[in-house]
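The letters A, B, C, D, E and F name the chains in turn, as written, and every chain counts its residues from 1.
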Amino acid sequence: MRTGIFPGSFDPLTFGHLDIIRRSKNICDKLIIAIAKNSEKNSLFSLQERLEMINTCCHDISSFLDVVFFDTLVVDYCKSNGVNVIIRGIRSVSDYEYEKTIADLNRKLAPDIETVFLLAGNEISFISSHVVKEAANYHGDISALVPQFVSDKIRQKFRQI
Amino acid sequence: MRTGIFPGSFDPLTFGHLDIIRRSKNICDKLIIAIAKNSEKNSLFSLQERLEMINTCCHDISSFLDVVFFDTLVVDYCKSNGVNVIIRGIRSVSDYEYEKTIADLNRKLAPDIETVFLLAGNEISFISSHVVKEAANYHGDISALVPQFVSDKIRQKFRQI
Amino acid sequence: MRTGIFPGSFDPLTFGHLDIIRRSKNICDKLIIAIAKNSEKNSLFSLQERLEMINTCCHDISSFLDVVFFDTLVVDYCKSNGVNVIIRGIRSVSDYEYEKTIADLNRKLAPDIETVFLLAGNEISFISSHVVKEAANYHGDISALVPQFVSDKIRQKFRQI
Amino acid sequence: MRTGIFPGSFDPLTFGHLDIIRRSKNICDKLIIAIAKNSEKNSLFSLQERLEMINTCCHDISSFLDVVFFDTLVVDYCKSNGVNVIIRGIRSVSDYEYEKTIADLNRKLAPDIETVFLLAGNEISFISSHVVKEAANYHGDISALVPQFVSDKIRQKFRQI
Amino acid sequence: MRTGIFPGSFDPLTFGHLDIIRRSKNICDKLIIAIAKNSEKNSLFSLQERLEMINTCCHDISSFLDVVFFDTLVVDYCKSNGVNVIIRGIRSVSDYEYEKTIADLNRKLAPDIETVFLLAGNEISFISSHVVKEAANYHGDISALVPQFVSDKIRQKFRQI
Amino acid sequence: MRTGIFPGSFDPLTFGHLDIIRRSKNICDKLIIAIAKNSEKNSLFSLQERLEMINTCCHDISSFLDVVFFDTLVVDYCKSNGVNVIIRGIRSVSDYEYEKTIADLNRKLAPDIETVFLLAGNEISFISSHVVKEAANYHGDISALVPQFVSDKIRQKFRQI
């Protein structure tokens, strides 16, 4: 059985993340979605809220997924958990350059762990958690950027602030 | 069983290709190396010579590989042969931009076929079939760029020309 | 009245060109679509065929358009015809770099003529005349890349070859 | 009458901004220069100081300009004010990538509003408000980067700090 | 005698810096390594600690080097000290774009001072002080990124925090 | 004495080349301008004509220069002639990517030979031999792109064709 890991902040989950998650079924039999604990500071949503978003929006493929938190280098998490494929999305040239740096470092630290890239679908390549938060901050319509469940949570959050 | 396809010209096979081929074992159980027939014109090596290079240099993983020729769009070959993962390597920003165009086109033509990318190892990211032929053309030492079997064939070829 | 010029080869007209043409209505009152005569050599379609494609596919906005041939530097055509806005589309970083070189040259040669850029819609940014011809050459489905009238012409052309 | 909007922080106004403002006369009959209110925090100059800079340095084209503050998404400001052309400058590949993301988002939110790009003149493409502040912070000569009125204001500001 | 200057933060010194320092012998007879004082805030290591790292790890080429602190624009330091070659490394496209901006600014401010670039060796082009600190923060193995002396200092530092 | 080599086609010599040549005085005491013999095919000017252009336009710094032809890999020419610094200009991201590939290859073939890069001055970064020939082909004004001596030769050449 091939297990892959998709690490990130997911603050919040977007249609971009969902695209990568669903397309990962072509690469592995099980996908670990790993939420970085260190992204807690300065985050909009708590770790638990982000976990809930993923579980709710992916309930139809729940047997394919494990959602976890992690607090180490991704490659060290992989070694400890017998995972050898990291999955990442690329949306732009600057994403490519950033991901290349991390992939080169990871290969140096753990040559047996492979990083595999999917290119974001072109219709959604402009979506990022950052763009979602910026748009929401100015009361923009974010229904094309995130699932309904997430946009409801964002609206609640900005009402509180 | 997951089957992937690695399409290209392989004129000639380089250490860059071999890196992608071997790392593909993390993604699929069987890899079809598909040599584009249309690359015959203006090529240095015949289709048969390129097939021989791959078979010789990959004999230790021969059960993982199928080497074929193809003469259609890659996605049409995939549909006819039940393959749904295309594997491609990226060495640079310009590679990324070229591959993104092709991947976007392919998704439009065949949404169920996924293109998966590996980033070239940084020590060999400068290697391409084109660079090999240029270096050989000026009698440069290409032993760090291609396997011994290939460099012997290239030397013979340039002696004939 | 503001007049703009959209120079190119249009060999053949694609949905990418049509996107730029229609969006140009936000910038100018009249658009000159200028087909480069020098693109005749090695072209798939004759100048007349390309003119016909544009006229047919844009008949609903024919009062907005003038379709012409030109045989000089674009800025010299602009000077002779009292045009001072060149409109160009950008699909990618490599497009950006190419267009920047030309725009810098044009500003040096004719500081009063402005080049204005529209970014290709993300759903169609992978489309180019080159990609269309490549796909058609391998009998791929090009109905998502060009208007029906153009795809019929391409099919005829490839049947002849 | 065509009205365009040039949104930004203008903290401070540079020769780069002035280049875009003056060249916009080729695209529209009226230009709204819109200063983002949210850029107040961490800014060097107050909103009023920035407004004054623009009015002073552009007094010769004052009939072409409206200088305003805004506090929403740019596209929402456009809808409320009947503007349908956003004008932005691009200086580099990273600018291009950033602007593409915003333009894609804006097209999703408001398909009728067009974003039009001018490429920075090559002699001044290195100028940004950030570079100006960095240079001034180290007592560098900024007379080639901003108008005299602005450089006087910056000198006063750094004397106060 | 040709004197060059290599300005930076060196927080901490990496194998990337050492590569540039040693290769600079092909360009100049004396190299001034200039540590930016303003990088003190938010730095991991004090200016003195960084000076010590460089002196220790480069003791075999100490006659080639001068290690100094500086607190002005680099070009102003150059003018005051009779240096006319700035040496910088480039690892990526985004490095290139950043360095181009600074080099263009410097040429404007001081046309007689030349900036010369070396491209990072491909095996180490992913190394940066930032990546080192990130990896160390997660207890990753950094022995391939920095000299032994530096990795010992980092380990001590993170133990203290 | 430091000797550098500036290899290229120089078909024809442009203000871009002259900028690199003059700025090279900051890096070396002697500069070998090496014209690639293989660029003869499909060239506009003969090797002798290009040599004459360089000698004429650089006669004021003739003691700094040696103009030669070469017919091997640049690094092999360097080894045979005791040169260990290759000088190249970079005008754009695509130049950077191309030059990086060649520099990585050269370091593999000859680790002791260093490639040093100057970034093209921003006012002239759009100039290339290719752009000059394109502009001349359409009877454009090239006086801002090449020295008078070269533009006279180009005019003669295009009159002959």
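Just so we're on the same page, contacts are C-beta pairs under 8 Å (C-beta built on N, C-alpha and C of every residue); 3 or more make two chains touch, one makes a residue touch a chain.
What you see is a predicted model; the values in this text were computed from it and never measured.
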Note = Those chains that touch subunit F and also touch subunit E are B, D
Message = I need the common contact partners of subunit B and subunit E, sorted by label.
response = A, F
Remark   = Contact tally winner between B-F and A-B is A-B
Key: Fitted rotation between subunit C and its twin subunit F in degrees, CA, nearest 5   = 120
Task = If we define chain centres by averaging CA atoms, which chain lands farthest from subunit B? Would you check?
result = D
Request  = Over half of interface residue numbers shared between subunit B and subunit C means same, under half means different, so which is it?
outcome  = different
Remark   = Between the Cα centroids of subunit C and subunit E the separation in whole angstrom comes to 48
Ask   = Could you state the distance in Å from the CA-based centre of subunit D to that of subunit E?
value = 34
Ask   = How many angstrom between the C-alpha centroids of subunit D and subunit C?
value = 31
Inquiry  = Averaging over Cα atoms per chain, report the distance between subunit D and subunit F in Å.
reply    = 39
Ask   = If you look at subunit E, which of its residues touch at least two other chains?
value = 93-94, 97, 100, 104, 122, 125-126
Key: Every chain pair in contact, whichever chains are involved   = A-B, A-C, A-D, A-E, B-C, B-E, B-F, C-D, C-F, D-E, D-F, E-F
Subunit D to subunit C touching residues, read off their complex = 2, 23, 26-27, 84-85, 90, 93, 96-97, 99-100, 103-104, 107, 114-119, 121-122
Residues of subunit E that touch subunit B when the two form their complex = 93, 122-123, 125-126
Remark   = The answer for subunit A against subunit D in the complex is residues 92-94, 125-126, 128, 131, 135, 138-141, 144-145
Message = With touch defined as at the start, can you tell me which subunit E residues reach subunit D in the complex?
response = 71-73, 75-76, 93-94, 97, 100-102, 104-105, 108-109
